[in-house]
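Here come two complexes built around subunit A, the first alongside subunit B, the second alongside subunit C.
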Partner chain A sequence: MMKSRRLALRALAATGAAAFLGSCATNAPQDTWQPKGPNAKMIDDLQQPVFAVAGIIGIIVAAAVGFAIWRYKDRGQPIPEQTHGKPALEITLTVIPALILAVVGVFTFRVIFDLARTDDTQLVINVTGQQWWWEYDYPVQNEWGITQPIISSGQLVMPVGTKVLLRETSRDVIHSYWIPALNGKRDAVPGRVHTLRLEADAPGIYAGQCTEFCGLSHANMRMEAVALSNEDFAKWVAGQQAAYQPPAEGTLAKEGESVFLNQCVRCHQVEGLKRADGTLAIAAPDENVWSGAAPNLTKLMSRNTFAGAMFNLLRDACRDDVWRADSAEFGAKYLAGVDETCLNVNDLRAWLRNAPEVKPMYANPALLADTNGKYRGMPNLGLSESDIDKLVAYLLTLK
Partner chain B sequence: MAIIERPAPGIIVPALPAGTPAITPSRTFGALKRPVASTGWKSWLFTVDHKKLGLMYGATAMFFFIVGGLEAVLIRLQLAAPEGKVLNADLYNQMFTMHATTMVFLFVMPMAAGFANYFVPLQIGARDVAFPRINAFGFWCLLAGGIVVNLAWFLGGAADGGWFMYAPNSGPVFSPSRGVDFWTLGLQIAGIASLTGAINLIVTVLNMRAPGMTLMKMPVFTWLITVVQFLLLFAIPVITVALFLLTFQRSFGAQFFDVAAGADPLLWQHLFWIFGHPEVYVLILPSFGIVSEVLPVFSRKPLFGYPFVVFSGAAIGFVGWGVWAHHMFASGLGPVSVAVFSVATMAIAVPTGVKIINWTLTMWGGKLVFSTAMKFSVGLIVLFTIGGLSGVTHSVAPSDTQQTDTYYIVAHFHYVLFGGAIFGLFSGFYYWWPKMFGKMLNERLGSWNFWFMVIGMNMTFGPMHILGLQGQPRRMYQWTEARAGEGFFNIAFWNLVASIGSLVLTFGILLFLINIVITARSKVRAPLDPWNARSLEWMTSSPPKEHNFDSIPHVHHLDEFFHRKYEEDPVTHTMREVATAEQVLAELERNADTNIHMPSPSYWPLVLAAGLPIVSLGILYSIPVAIAGGLVILYAVYGWALEPSVAVEGDYEEPSSNGHAVGTTHG
Partner chain C sequence: MFKVGSKLFLGLSGFASFNLVAYIIFVERLAIGGVALSMVLAALVGLTAIVMLINEGDSESQPRDNALTGASLWPLMTVVGLMLLVLGLVVAQIYFVLGIVVVLAALAEWLVQAWSESASDDPAHNESARQRLLHPIEFPVIATLGLGVVIFSFSRVMLAISKSAGAVVFMVVASLVLLAGSWFALRPALKGALVSAICVVGAVGIVAGGIAGAGVGLRTDLAEAAEEGHYLHRECGVEKSKYFDKKAMKTLSLRSNVTAIIELRNGRLSAVMVGFGEPQQRVTASRANPVTFIFRNFDEAERRMVASLGSAMAAGAAAPETTEGDSHAEKNETCTQLIPQGAEQALTVKYDKPSVAQDAPLTLTVPGVAGQAIEVFVP
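Moving on, here comes the complex of A and B:
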């Protein structure tokens, strides 16, 4: 009886350990215990011993309580002496945890100040939160080839091994920027600019999620940080700054361009897009959107996601191909962008057909009085299926 | 104001001007005659008796516990599988907001207030609280506040900004339904209950202790309740200010949190958490107090290190004011603030740890009896320790920036608040039920109740540690398979486990409700001293008489009741019984006070409290209604102020030989 029980326990322990070890490679993409950059590593190095000590203390307390339960259970022993405590023991048991915490405190101090450094920054990216997506704005930095500002969304693109400083703010409510593999989270607060250091060790995509409750689609406000080698990052910068290529005359995409000019350009900017009369099309989202902006779609098909990274622009197979590429191949695969064969056309069409239906937003025209007639999120534009065909063809040219 | 005891001869009762008619139940300067019913529903509606009010607090809190629990089950059903469809995003946001609001403000706080109301006067040997009418007013405010907060469900949707209600997301543009308005006004009203209750209990404890009961002979439950009242006294005004600012922002166009007008949204966070962190101790310390009563009783041994427990409780009360910004480590306060609050947070772990150590050492060397109350208390030690230790991991601020707003935090505070506060309250139910109702809760069913709750709670909240460390944020109405991962730690599996656990937990709580019904139907009376208890509340009948004690006991010891029953054997140092509980009680009855005066019931607390929700609804819908509510309040204040403070001779009751009041002169 005892023996079989012990065997069963051992089998259980072995299975548990195997499951534990075997699982590490495929943990959730937002696993907080797998740092992929020096900032997250600094946090991890600090917290692992704390977890260990906390675990040990927990086991000691549980064991002491368990022992007392077993040893001092009422077995008819007399009522014990009414002792009121032993001050010396009491003080000892107070001082020990205080000392442990003092040691933890010293190391914590160091990491807090190290993580707050901004004087070693190599690349600045302005990050702005808005219900329910993030805008990435790369100010002019000639040493990186950024000679005119790049405005993007959906994916944060950054060079590896580089000390990137995010300057965060928000246009409406408080959001929080969090890429667990690269650093802890930092709130983006309207009216304030907060900084967050990011640095990735290897090329790849690192998942994140808005972590300050920001309203209806808080759950759908995701992030992906894309780390590229320095050469690939330079190519990405050049691609983002490349001049606008209008679709060829007579194509479906050209018809889509005019649909875009009629419908979308009120809010969505595409740099270099011209109206039929040759004037530049300038979006004025602040007149139509409460929070004041809509995603800039200039090089939409260079990104892998849309609608606040809620949906993939790539079909699953193509997406997996990029996400699982090894470091050497990743850059080329990512920079290939989205083409017609890989486009996740279903989600994109559903979005164009009726955006608030697939992502909860306050775009209900009945509620516009609350916001002086301005939309929060993308409204249902009532596009016809043929307009959607044309728009999809046009959007595919935005590379 | 009520007189607790008849004035001793020689103390002069302020005389009324000559020619003033005597003030009797039927003649009053107020606009309404005094209520006189001592039985039936009227005796509850207009009561000022601390015991009745305690039970009313408890019943109200239990109702909201069920409401908040059902909200929690809906949340877990929604999250059991990816892309949950049980609730839509809007409803989900309302659900988690109201779950937290209900559990914090309408369950744990009033349940603790109920226990405090019932047992603090009994434990200090008093006949009522210092201000009985204000006590009644507090209860009605709580009920009115709870109703106002929940009315929103039926009037366009409940509050949807989270219980922390961060600005600017709580502003009129981002939360256009009326929910947040009902929330601010309802909590404002409920806050009055806490504030008046705090003043009342502080005065009671400082002024009305039985002769000989020095502060260091006071039971630990009363001590920690007193600490809680001081926390409330200073914390409630802060949330009151914050709620006023938000109400004015939403209803009258003020711009306190309007960023475009130059506001800094962090103002709300500071106000909220300066209230919110002491609030955490408001929630947990009453349960610490209950456990500190239960463990010595069932260990047959005094609390180990009583002064350390008391002073660590007071220390928590002080340091608790200096840690609020640990809720804001990711808010962008800057490294100096973060470092200071990080270390202060570590510091508060020390007095908390002292309590764990003392409880364990109380059991050490004892004679442990595992009643259901004891099981819940021991459960608290272990479960709270888990929550306390995970708390230490996020006192390390950089580590917290990975954990905050993930399920790891949800796991942490549910171990602290469910494993801590709620287990303590359940321990209190089983321990004090025979005192309150004269009947024992079924111990067998209690054991099932305990084990289902332990298993359910660990199944629900244990996996949340994994979910959070795997990066699942809180407050997301859906989670997606794409971010779930695979293998042992995959989010899909552990979410399902947590959801199943919530059903197990629900079943455990259902067993408790069944136990209440079975007990209520049973005819078996509880023995006078079922647990071999140690403190004064057991030195009277169960349930206690209206005037609590026939004669006020003189206190010589901490654990006075125990020392009246037992004496130490000088040779073996073990304890031997010298008197039974019945004998101790008979001794008190023999020396019964000849005249005992109890405060008379009053309409005014109820009328005054009823004016407040009318004002609230008026603010939201029509200002004339608010003015009408204001008139009700004025009328009640007028009546209250003029209600006789000194009752006539005819109001005095004679205690009978069996201790129960005989026919009162009120009829």
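Moving on, here comes the complex of A and C:
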């Protein structure tokens, strides 16, 4: 008896210690307890005292339960007489929790309403979730220099110290947008527009993750919010609106462009890309992809990640350089984008070689009866290594 | 050391570990099933530890006189459920589902009854133990079923008789219920049997009415409207339907978060969008996605909003309203109904192709209001 008891206690202690140590991780970019903007700060300021109160009550209740279990455990004594009703005690035990909850409720409601404000917005960004990546589009807002809509994916770029309002929706199932350092979660629901406030105090990258189970690659549906100073944001906007530069004749990239036109344009839009006959190449993801969209690759190399921020476009060393840069240098480093020396060729090539192998997706051509022959995700296109060489050279020009 | 409780949980833990190992070997390594079984195992081991720690459940049961247990309905119900299951396999899924429900309910009742009958030597106490456990579930379920039958029957009556007769019947039935209720409340001394008799007569009357109503079918105008499909049908031109329904706004769940609210005010169109301080002349609509606009008419004349869907095949109305052969389907547009001043209506559209693929900009316009259009940008 003693032995088994000691064993159980030891196991309990070990689990507790593991949980405690786990909470001390230093590199935890998605730590909810480290707010990096006013909205997240508001939540944290509410959450800390509530957690303390709830924690104390929790310990008291658990201790009382433990005491009762221990003190009145079965020692062969007769079952005590059962009684019913003790109004004074019952009323007290109802009123006290009700009061506590009422106080917590007042503060909670205030925060909820503050977080729901949409009348002080300075910049609107539309966010559309789909299996398994996020699309961002920036509606025309002349005060930010956005004179034509910008479309991007994976990394949400926003100016620092600005009240940004996301208008979220989804193209297939329910997803949920969550950048823990900047605000709580908000579901993206097909056919509806839900808003989420974001504001970052300092330039930097803030990691996040889809938090509504959305299918096979839910765990790989990540995102990053990138905050830039106002000047850097203006540069980013200008860069995103810059006209398409076709690769020079006779280069590998030019050959890549024609491979892209043959293989990729049916799903991926590159703004300004023209076919050999001079007409604009218009992607038709609605005919090929179940959710009706594929990432817009016009400025692919201006972002640091791809495929729902699951893979880095930058090699680890280059990426660390950007992530760890201090606020003053961060903007310039981020705006430099991806060049040949920094490109994470391995992951990009693996993606082009056989995307469903590196990211689980419903892309088996033989199993598409349920989706009218449309893919969920990017299929294996059976490209040759030399085609991949050309494509990588071409993709590097998309900046 | 090992008594009843710990033996039970130890056995369950052993069974779970066996299953886990078998699953990993025979089914799949490290799949969701394996994770789930590991969790079950962890939970059982935890429970075993607690039980061993506190001796709970280890008391040996005392001998009891169990000879006098009552008759039970539940074995019979279980068999009925099983038969429904088999029937469902052969005939239709609905019976199968019904069978599952019946079997589960009957087994639960049976289990609780069997347990309660051996709880103590005192049959009265046993019965009250059973009731304490089951009444909170039984009463609401039975009440819901009963009410459902009454409401469904009553609705059949209302659909069968004319609108004005419907109002009269409604008032008469409601007053009868009110009268009976007040009477019962004022005379607590009334015999229980009398009260139940009155209730049963009322319920049977309504159900009988419902059966009769279902037999008669829909009243003429409803039947005609259903045949005409006017609930689904929408005109972009002059209304042809006699049953044109201005109030069919479909805005119940939509109105709280639409893409934009398009307002017609003093002959000018503008788009109100959450997040934008000023009304806009251009809205962004997510591609390949149902997007909802609300049209608000502040003009004196009756107006409707028309959404152009772009070059042929480039977009489709998300709502299946656009019946084939309609002129507006050929023109590739869709619209709200005509709505009077102060009214509003929702319109859901799906643009499959981006604006760059269109010959002309996509717009939201109001026929009869010249020079005004909201441009819809589709990225």
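One rule holds in what follows: the second predicted complex is superposed on the first by the 337 of 399 C-alpha atoms of A that agree within 3 Å, B and C clash if a C-alpha of one lies under 4 Å from a C-alpha of the other, contacts with A are read in each partner's own complex, and residues count from 1 in each chain.
The definition used in the following text is that a residue touches a chain if its C-beta (ideal position, glycine included) is under 8 Å from a C-beta of that chain, and two chains touch if they have at least 3 such contacts.
Only a predicted model underlies this, so the values are computations on that prediction, with no experimental measurement involved.
Once the two complexes are overlaid on the shared chain, A:149 sits against subunit C while remaining clear of subunit B.
With both structures placed on the common chain, the touch criterion links A:194 to subunit B and to subunit C.
In the superposition on chain A, A:139 makes contact with subunit C only, while subunit B stays out of contact range. In the superposition on chain A, A:65 makes contact with subunit B only, while subunit C stays out of contact range. Contact with both subunit B and subunit C is seen for A:73 once the two complexes are overlaid on the shared chain.
Within the superposed three-chain model, A:83 lies in touch with subunit B and out of touch with subunit C [touch as defined at top]. When the two complexes are overlaid on their common chain A, residue A:124 makes contact with subunit C while staying clear of subunit B. Contacts of A:255 after superposition on the shared chain: neither subunit B nor subunit C is touched. Subunit A has more of its residues touched by B than by the other of subunit B and subunit C. Judged by the touch definition given at the top, the superposed model places A:97 against subunit B, while subunit C stays out of reach. Residues 69, 73-74, 190-192, 194 of subunit A contact both subunit B in one complex and subunit C in the other. Subunit A makes touch with subunit B in their complex at residues 19-20, 22-33, 40, 42-43, 46-47, 50-51, 54-55, 57-58, 61-62, 64-65, 68-69, 72-74, 77-87, 89-90, 93-94, 97-98, 101, 104-105, 108-109, 111-113, 115-116, 131, 168, 172-174, 176, 178, 180, 183-187, 189-192, 194, 207, 209-220, 290, 360, 362, 367, 370-371. Interface of subunit C with subunit A (complex): residues 1, 49-50, 52-59, 254, 256-259, 273-277, 282-284, 286-292, 348, 352-354, 356-357, 377, 379. Only residues 88-90, 93, 161-162, 166, 168-169, 172-176, 259, 262-266, 299-308, 330-332, 334-335, 338-339, 342-343, 346-347, 349-350, 353-354, 356-358, 360-361, 363-370, 378, 381-382, 385-386, 389-390, 392-393, 396-406, 408, 468-479, 483-491, 558-559, 562, 566, 568, 572-576 of subunit B touch subunit A when the two sit together in their complex. Those residues of subunit A whose C-beta lies close enough to touch subunit C in the complex are 1, 4-5, 7-8, 11, 69-70, 73-76, 118-119, 121, 124, 126, 128, 137, 139-140, 149, 151, 165, 167, 169-171, 190-195, 269, 271, 280, 282-286, 291-293, 296.
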